[in-house]
Each structure stands twice: as C-alpha cells, then as structure tokens.
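Both complexes below contain chain A, partnered by chain B and then by chain C.
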Partner chain A sequence: MKKENSNRRLSRRTFLRNSMQSAAAVAAGLCLPGVLAGCDTKVVEAFLQKHFLELSPSELNKVLRGLEKENLKKYGTSTVVSAKPAMPGVLFGYGLDLSRCIGCRRCVHACVKENNQSRDPAIQWIRVLEFPKEKGIDFSEANPYYCASGAGQLSDEQRDILAKPESQYPLYQQKETAQGADCKVPRPDHFYVPISCQQCENPPCVKVCPVNATWKEPDGIVVIDYNWCIGCRYCMAACPYGARHFNWAEPKLPAQDVNPDMHYLGNRPRYRGVVEKCTYCIQRTRNGRYPACVEICPVGARKFGNLLDPKSEIRSIMERKRVLILKNDLATKPKFYYFYGL
Partner chain B sequence: MTKILVTLSVISGLLLFLASGVLIRADTLEVASEPSPVFEGIQTPAPPLSPDYFPCTTCHEKGKTNNLRRQLTEDHTDIVFDHDAKNRWCLDCHAPLDRDKLHLASGELIDFDQSYRLCGQCHGPTYRDWKVGIHGKRIGMWNGQKNYFLCVHCHDPHSPSIKPIEPFPAPVKPVGKPFLFEARNR
Partner chain C sequence: MGTLVAFLRTCTSIWLKGNRYYWAWIIFLSALIVSGMAAYAYQVMHGLIVTNMRDQVSWGFYIGNFTFLVGVAAAAVMLVIPAYVYQWEPIKEVLLLGEMLAISALVMCMLFVAVDIGRPDRMLHLFPLLGKPNFPQSLLSWDVLVLSLYFSLNLVIVTYLLYTGFTGRHYNAKILIPLVLISIPSAISIHTVTAFLYNGVVARPYWNASILAPRFLASAFCSGPAILIILFQILRKVAGLRIKNEALAKIAELMAYAMFINLFLFGAEMFKEFYSHTEHVIYSQVLLFGVGGTKVHVFMWPALIASITAFFLFLVPRTRNNFYTMNLGCLLIWFGVYTEKGMGLVIPGLTPDTLGEIYVYAPSLTEYRIAAGIFSIGFLVFTLLVKIAMPIMNMRETNLPGKSAAQK
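Our next item is the complex of A and B:
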C-alpha cells in the first residue's frame, strides 16, 4: 500500500517535471532561442502585461500607446486609446421608455458603429425584442427577428442617418425605400423591449470570472479587460440578460468604419476568444457625452444620466414615472430602468 | 416709520412668494410662467420649416386675412389635418395677421422656434416632462450643454401621432454548420 502511494507520488512528480520541461521547451521553441530575442517583443509584452488595475501610470501609458500603434498598423487610421478613470460622485443610470420605443433598431446599429463591433461575424450589444401586446413581457414570446426580410445590410440612407443622427428630423418626412415597404415598425399590437447590459449593481458575471478580467468600475459600469480575459465564457452563462457576447472568430472591422475615439475598457478592437459587452459608451460618457444609442433614438425613448445628481433626467424619471427593472427576483439590481412615459 | 413698514411688507411678500414657489415645486406642479429659466443654456434647433413655403409672408400679406373657416382647395392641399380637426383649423395656431408667427391663446405672437409654448397650452403634462428631459429627445452632454428637439421635429403639427417607420436590418439568425454526426451520416 505504502509502496503504491509513493509510486503514485513519484509518477505525479515526474509528470510535473516533464510538463515543466516541455513547457520550457515550447517557450524556447516559440520565442526563446536567445533570451526573448527571436520573439516579437509586442507579443511578449502583451503576454507579460499586468492586470489593468495594477498597471502604474507609466506602464499604462506604454500599453495605450502600444495599442494605438497596433491600430495604426492594422487599420491605417490614427486612433486615441484613453483609459480615463471614473468621475467622482457619478453613478450612471439608464432609462428606457417602453411606451415610446418603436423597435426601429437604429440604436443597435449606432452602437455597432460607435463601439467598433465585429461586422462579420456580426456582434450586436443591443437586442431589440418584439412582444405581442396581449402576452405582456413574457420572454418565451419574444422575437428579435421581426421585419427580417431585408438583405441584412445597411442601405446608404441608413448609413447617412447613423453618421448624422439629426438628419432623421423631421421624423415624419423620412424618405421611404423600396426595401422597407413591406414591414414598418411599430407593428400593430406589438411592443418592443431593447435589451443590452443592465450594468447590475450586483453583477453575477463579475462574481464568476475566475481571473478577475471583469469588474465594476466606481461609476457603476461593468467593464472587461480584453487582455486579461481567458475566454472561458462563465460570465455569459451567469448573465441572466444575455448581454455578453463572445468573439468566436477573429473580429472583422472594415478600416473605413473604425471609430478612432477609443477607451481601453470599452470600444478598442477586440481579439478572437474574448467576451465583450455594453459599457454605456465609456469613451463618450466619461467625457460627459450621451451614449450613441441615446443620440440616435428617433423617438427619444432613451435617457441617461447621473443617479447621484437629484436634478438629472434619470432621477426625475424615477421620481415621476412607473419604473421597472428586468428579472427583479434575481437581486442583480440593474441600473437600467425601463419606464412608461405615458 | 412708513419706510420700515413698507420694507417689512415687501420682505414678507417676498417670503410668501418664495414659500409658494417651494410648495409648487414639491407638488411638481409647474405654473406656466414667462420664458422659463429651465431653458437658459439649452438650445432648441431651428424649426423644420419647409423652404418652399417659409417665409409665409411672401404670399400672405401682413395685416390681411380671410377669417372664414373653410376647406382649403387651392393651396396647402398636401397638408393632412388630423389634429382635433373637428374643433380647430389653421388660424387657431397661425397668427392671422402675421403668418410668419404663431399665436398663443393669450394673443401673444411667438416665433416658430418657440412653438413648444403653443403645444404646451394643451399638452401640459407632456410639456412638463419635456422641460425636465423625460419626454422627447436631447443630445449633447449628460452633465452639461444639451440640445433639445422641438415637438415638431418628431410630431407633424398637422397630424401629430408618430407614423410607423422602416426599421434597420434585423440581426442575422445564427445558422450552425451541420453537427459532426450529421456530417458523418451523410
């Protein structure tokens, strides 16, 4: 018995030793013929990079400039990657007026454009669900594929609207295209609930991350460090709102569509094998601007502001309107408030 | 002595006024007052006036009008009027003697870029919500300068209900490759 035990221990030790040796050999084979000499230094740096929250200012600066260089090489456009921290005394909240939303999906595509999402395979952070009015909010009746007859590609008119949201007005004089003639929204007897990250105050996705690659910032935004994410997708399983999306393939982002205003924790281009999600347009909101979805919404159903400021729009909504949060029973405490403006 | 009395009464009057203001605030009942201080620092964009028609005084001579309520048959026949049409017509909002202006119930003439005051006469709760940013759309900064949109940017003043519009493309349905066993069975 004892012998067997020692044998087993021995074999385990040998296994460990062998695996260490083989790992070293792999490392040497990849990029250590002379110490780190034959290796692309950027690859080594990215591999050895510390966790975002542990980077010193000078290290962070180096990382950001490195990312900008990478972007320039890959897309041929100069970009600015910032890592602006949260403003003090700010907790972001979002309001969405369910009695106004018409399900036009402009927010979905404005978000894709603003946040440099992969166009192929298409990743969309906002999902607009259509519900039949007679059933109420019953997720088993939800349909995200309504009016799907078109080619799935944006028309030139639609691109113009995304580039210049003010050009949609006056709303009642919009030109009609042949493509949209067969289906217009809102469809009779239906209502629409757009769903994206709910920026929970008690986020289950953060709890399950085995490597702390995702966390809640002081202004309430749940962010991901794409350099730290190992792609295990536990967070996607934990999220009750389906708000997280995985890059199964190398994300494809046409060079002419790159939004050069980037944030390290937000819309910088992602890698294959990492998870991404809505960040309330962190690159905009930390500079005081409204998120892209708020600015595109043609009916003004989307509201955004500081929950700690009693004069903000979102606070006046919470004081005056009927507000609901999704899946209240899960105690995730979303900071995304649906309300009825009527 | 009289001077002191006068100042005292002025002060007490001021206090009363302030107190009533606070009370009104607490009830979120906002009494329509002259150009509200809420609008300071908030821009409204130019109203969406059709260059084919505006300025109206190119055709409608100032100081002249036909007050007779009637169906228009020669001009403006493209306007579909569906805004309490039973009880109202053109000159309830458009100033009869100066067509480049609108007029309030009080008779005050206002420019088209203040048309929200006209709408607010009937749509009080909506006007109140619009002022604090609940109804309608704002762009700009969540913590600073905001640009409002006028009622008439979204609502056709002659037919105000929002009309259905064309949606942007639907998401692509995930179509999986055939499972391994399916491929094997083929």
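Our next item is the complex of A and C:
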C-alpha cells in the first residue's frame, strides 16, 4: 500500500523521467567506448532502471528475471533472485559473545561463500580484530591481520590474493609476517571482536547518501540498491564501523562458487563501482533461517533473532547479560550487541 | 540572432589570434589534457582500482583537489565586496575576472567529482526530477544543488557582461546588480556546504569540528585572490588593464587578515587536540608528525611555514607594496592553502580508518595524470574566457571586426 502511495506522489517525476528516457536512450546508444562496457540492450535497460522502491510489482518482476538471465549467462548456473519484503512484526538483532569468540575467522569465510563476494580482489564483510586483553577495545591497538590456524586458516592461494596491493587488506603480508609464525588462536592474553555492519537504528551512512541508494528496511536491515548506487563513497566516510566496502575493480566470482539463492538487496553479484555491505544474510533471514556466520560459529558465540519477540534468545541475552555496543557516543544505536556470556 | 553569430565568430577569431607564448601555453595545456583523458580512459576500463584509494582511505587526491577548488571558486567572487567598499577603479573588471575564475574553478570541481565516482553512468541520479536526491538529509545533495546554482549564476553574469560589452551597449544595472548580489551569498554558501559535507561526518573526528566552515572561508579568502593578484598584473602588462598598485596592495592586505584568521583557527584546533590529548588526537598527529608511515606531515610543515611567511609578507606594508615579495606571497599562499585544504584535510580525516587501521595513501600515477588533465581544462577555460574578455574590458585590443559588425 505504502509503495503505491509513494508511486502516485512521484508520478510527475516519473513522467519527467520517462520523457527523458528517449534522450537517455540516445545517449546510452552512443556507447562511448569503455564508458558503457558492451553496447547491448541490457546496458540501456540497466541505465534506465528505476529506483528499487519505485518499481511496480510487474517492473520488479521483470528486473528480477532479467538478473537471473544475466546470472545464467555469466555463471552458467540457474539462480533465484528474490525481493522478498520484510516480515511484519520483525526487527532483527544480533548478539556476539565476546567471552566465547576465539578469532578463528570461520565466520568471515562462511560469509564470503554465502554472499557471493568478489574473491579477487577479496572483499570480506566481517573483519575480526584482535586486541591485547589489558587494553580493552581500543581501536588504535586493533590488529585485523593476525593469522589463524585451523579451519579458518587461509590457503596459500587465498593468502596470495589477500596480500595483493589491490585487495581489501593491502597490508596483509607486511602485518601478518610481523606477528610471528605461531598461528594458534586464541592467542594468550588476547581477545577478538568481529565487526561487520551494526545495522544501526540511526544509520549515518543512509543519512549521507546523495541519491537514496541505501536505506533501512522495516525489519531494520540497512540495504543498498546496487543498480542505483553512484559509487561516491560518502557512506564509507560516514560509517563509524568500516562496514561498507567498495568494488574498486570488476568483482570476480568463480562460477563454481556461486550461491544460487539470492536476494536483490543482498547477495546477488555486485557490479564494479558500487558499495556493498552485510545484510544479516537477508536472503536467509527473511525465510526464517539464521545468517551463515551464526550457523558456522564453532563456539556458539553468535546469536540472532527478532528483537520484537519477547521470548527470543536475543531478547533474553539483552535482559540477562552484560551488553555493550560499539561507539555508543555516536548515537548510531546499533542492533548488534556484544555481550559477555561467561 | 545575427549578433549572436557575430559574437561567436568574434570569439573564435580572438581565440585563434595570439603570440608565440599564447600558443605554447595552449599546446602545453592540450598535451596535459590528452594525457589526462588517456589516463581517465584507463581508469574507466579497469575501475578505481588504478588509483591508490582503498576501503581504508576511500577518498583521496580527487576529493582533496575538489575541496580546494570550491574555495577558489567562492573567494574569486567574494573579492567584489572589497572592490565595492574601497571603490577600486575597475570594479567591473574585478567582478568579471572573479566570475570567470569562479567558472573555471567550478568546471574543475565538477570534473574532480565526476572522475571520483564509481558509476559516472549514473550521474543523473544526483539531480532532482531525473534522479532521487536525498534532500534535505545529504550534504552532498545540497552541494550538487548550490554548486549548480552558483555555476549557472556565474555563467549568466559573465555571458551577459561579455555580450553587452561586445554589442557596445552598457549593461543594465537593474539586471546585473541583483545577480551580483545573489552571487555573493551563494559564494559563501558553496563553501559552507562543502565544509558541512565533512563537518557532518561523526565517524571522522578530525572533520567533525565546528571550526571547519569558518576555517574553510578564511583559507578560501587567501587562495582565490592570490591567483587574481598575479593575473591582474599580467593583464596590466600585456593588455593595459587599468588597475592601480594601491588596489593590489589592498587585496594583499586583506589576504593578510584572512590568513591571520585562518592560522588562528588552525592553531585553536590544534591546541584543543593536543592539549586535551584524547584518542582523537591521532588524526592531528598524522597531520603534523606522521603515524605509522603516513606522509602528510612532510608537506604540511612546509605548507604551514609558507602560510606564515606569506602572512608576514602581506602584513608588512613594505613587502606587500613590493611586487617581488607580493607575488612570492601569492605563490606561498597557493602552496600553503592547497596542501592544507587538499590532502591535509582529506588524508588525516581518513587515517587511521574507523577501526584504527593505518593505510598509507599516496596518489597513483593515474591519479596525478587525471588531476593534471583537469587542472589543464580549468586553465584552458580560464585562458579562453579572459581572452574574449580583454577587448570588452576596454583594454588594448579594442578594434575588433566584431565590434564594428555589431554596430552596423
């Protein structure tokens, strides 16, 4: 209902947009070499696509089927791209038990697998920071480059990719080797704080976006329309948690690694030049499943649930445990609660 | 219509006429523009990965240059105020040159933003009606709005002045003066909005300081006039622009006051950071001393010394009336403000990142080439504008075919 109302309100703009479309089509048709890679109709269609929240149900359906076709062509796998809306009466919240986390980084890799992140350059939505125990959470003491043995350990190939100057961790090599050879985690006298999008109630990234390409959904998840983002990266400057990542190069996702279960606002493959971030595995959680990081965690440090449900695990944690949020002085009101379970 | 064609034809003929130095300058700029365009094509082909920006430092050289040039654009027009107050003889010329400098600076600003964004093909999303601007929340939406307005305003004023000058009519004060009066607060607003764009980012304590906007305005009032002082002298020499020495010295004096305010505000900021010495001090340490291998301080100290030296050169009457020291002061100010407002603002703001990581950013060759290309486009626009303005400003090249043709 709400969507239709806003559609009507926007009709004048939509009209103007449509009348501009012929002109835009000519512009796109000119196809300056390299500016619009490839000159097929899909490029023009993508160029003219409306903002996600302004798509009518039939237009949305067309866009989703178009994306599936594109995926089939690109990866040779049939995929399902859903746009399932938020469930009523749901506000997602996340709990992370700092006394249990061992810093193994299994969550990091499960997240990459689930969410179709670019493998090279490597993009990771979860960053695990290692802190010396006597310093507490002091970011100037944080080490994101510690090495971890065991299941979360990197293969040599993964390590090489991470260590490339164009990866998300340009300093990987330098910092990791500086730490010494023993990669057993948890290291004595250290503790670990995994950080991904905190799904703020008051998200500074949404406030600054000049084109409304990112917004907070009714279930509290902050999402991005990858077809609307202009790649100005103002949101990355504004995010206090380093949760937003930019596709500096063409994202590379090997066909055999594609997760075919996709959501338009979540894990569908991204484009070069747009920003991406954690969506609490929107493709899973809106279907009643746990995020991939919750499922993989070997020590049960990760909890997830509906904050509006008084009987949910996340609510009982908030009521019984010592809970903290990161950078609470900024009043971003994260829905990502760190707690001490032991 | 016939007059318009004649106007355009005259412009072309003026642009094609010039001495050796003029052509050498045009060829030099064109070469840099071609190199910049090639570099941009390379960037479009591979993505922004060819820059040295990464997630940790997600804005760099492009946005630094943008910020500096917004200041130049703003201050060029603000110079009209003293020109009016002190009754400088060629007020129309000061206005015209200021507006033309503003246009050129804004062209550069827009290009710097355009090359920085990841999806230039979606640029239209920024504009009302065509896209979905985030009003009134996003300061970047505001910036697009005020920059476009300011650009249009300057374009209209300059075109109007040039055109009336060309047709030999006197400009209509009823049209011109309201436009000029609007352009002055707009000049202040573009720079304030650009400052707020940084200022409003709570995640970056170095920018989240309320002194930022006043500092922006103060430093802009140094950098904009600096280029005009030099330009006035060149035009006086080659084209007989009638501007008195006293006017130049007055501009220099005003710049001394602006620089004093700028340095004072900077000092106030540094006192607060270093005396209270909270965890936020690290960004100022990056700026002045370097942390974990950052390089900004290597440029910042010379820039500070340059700014202080320029302040004294412009403060002491003997040195601001001497052309060597005055021009030296202008160059020093350019270097000082460029460093402070460019990389000195962007890099410490983003280093260390929000999770404490220090990524040492320095522009890549592609970034330098694209930036040089954009500066060349700006200088080219400015050169061409000044060239057609010269006959209109009652200078030496008065007898042009266009003028007589228009009068017929």
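One rule holds for everything that comes next: the second predicted complex is superposed on the first by the 270 of 342 C-alpha atoms of A that agree within 3 Å, B and C clash if a C-alpha of one lies under 4 Å from a C-alpha of the other, contacts with A are read in each partner's own complex, and residues count from 1 in each chain.
Basically, a residue touches a chain if its C-beta (ideal position, glycine included) is under 8 Å from a C-beta of that chain, and two chains touch if they have at least 3 such contacts.
Everything numeric in this text was worked out from a predicted model, so none of it was measured.
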For this session: For A:F47, select first, second, both or neither according to whether it touches chain B, chain C, the two together, or no partner.
Result: second
For this session: Considering only touches as defined above, state whether A:A249 meets chain B (first), chain C (second), both or neither.
Result: second
Exercise. Should A:P186 be classified as contacting the first partner (chain B), the second (chain C), both, or neither?
Worked result: first
For this session: Could you say whether A:K303 touches chain B, chain C, both of them, or neither, answering first, second, both or neither?
Result: first
For this session: Scan A:R127 for contacts with chain B and chain C and give back first, second, both or neither.
Result: both
Exercise. In the superposed arrangement, which partner chain does A:R272 touch: chain B (first), chain C (second), both, or neither?
Worked result: second
Exercise. So, does A:A142 touch the first partner chain B, the second partner chain C, both, or neither?
Worked result: second
Exercise. When the two structures are overlaid on chain A, which partner does A:G341 contact: first (chain B), second (chain C), both, or neither?
Worked result: first
Exercise. Counting only touches as set out at the top, which of chain B and chain C does A:P210 meet: first, second, both, neither?
Worked result: second
Exercise. Can you list the residues of chain A that touch chain B in one structure and chain C in the other?
Worked result: 127, 144, 166, 170-171
For this session: State the interface residues of chain C toward chain A in the complex, per the touch definition above.
Result: 41, 44-49, 51, 53-56, 58-59, 113, 116-126, 129-134, 137-141, 144, 197, 200-204, 279, 282, 349-350, 352-357, 359
Exercise. In the complex of these two chains, what residues of chain B are touching chain A?
Worked result: 28, 45, 48, 129, 132-144, 149, 152-156, 159, 162-173
Exercise. What does chain A use to touch chain C in their complex?
Worked result: 13, 16-17, 20, 24, 34-36, 47, 51, 54, 121, 127, 129, 138-142, 144, 166, 168, 170-171, 195, 204, 207-213, 228-234, 236-242, 244-250, 271-275, 330, 332
For this session: Note which residues of chain A are touching chain B in the complex, please.
Result: 97, 102-106, 108-109, 122, 124, 127, 144-148, 150-154, 158, 165-166, 169-174, 176-177, 179-181, 183-187, 285, 288-290, 294-295, 297-300, 303-306, 309, 312-313, 316-317, 319-321, 341
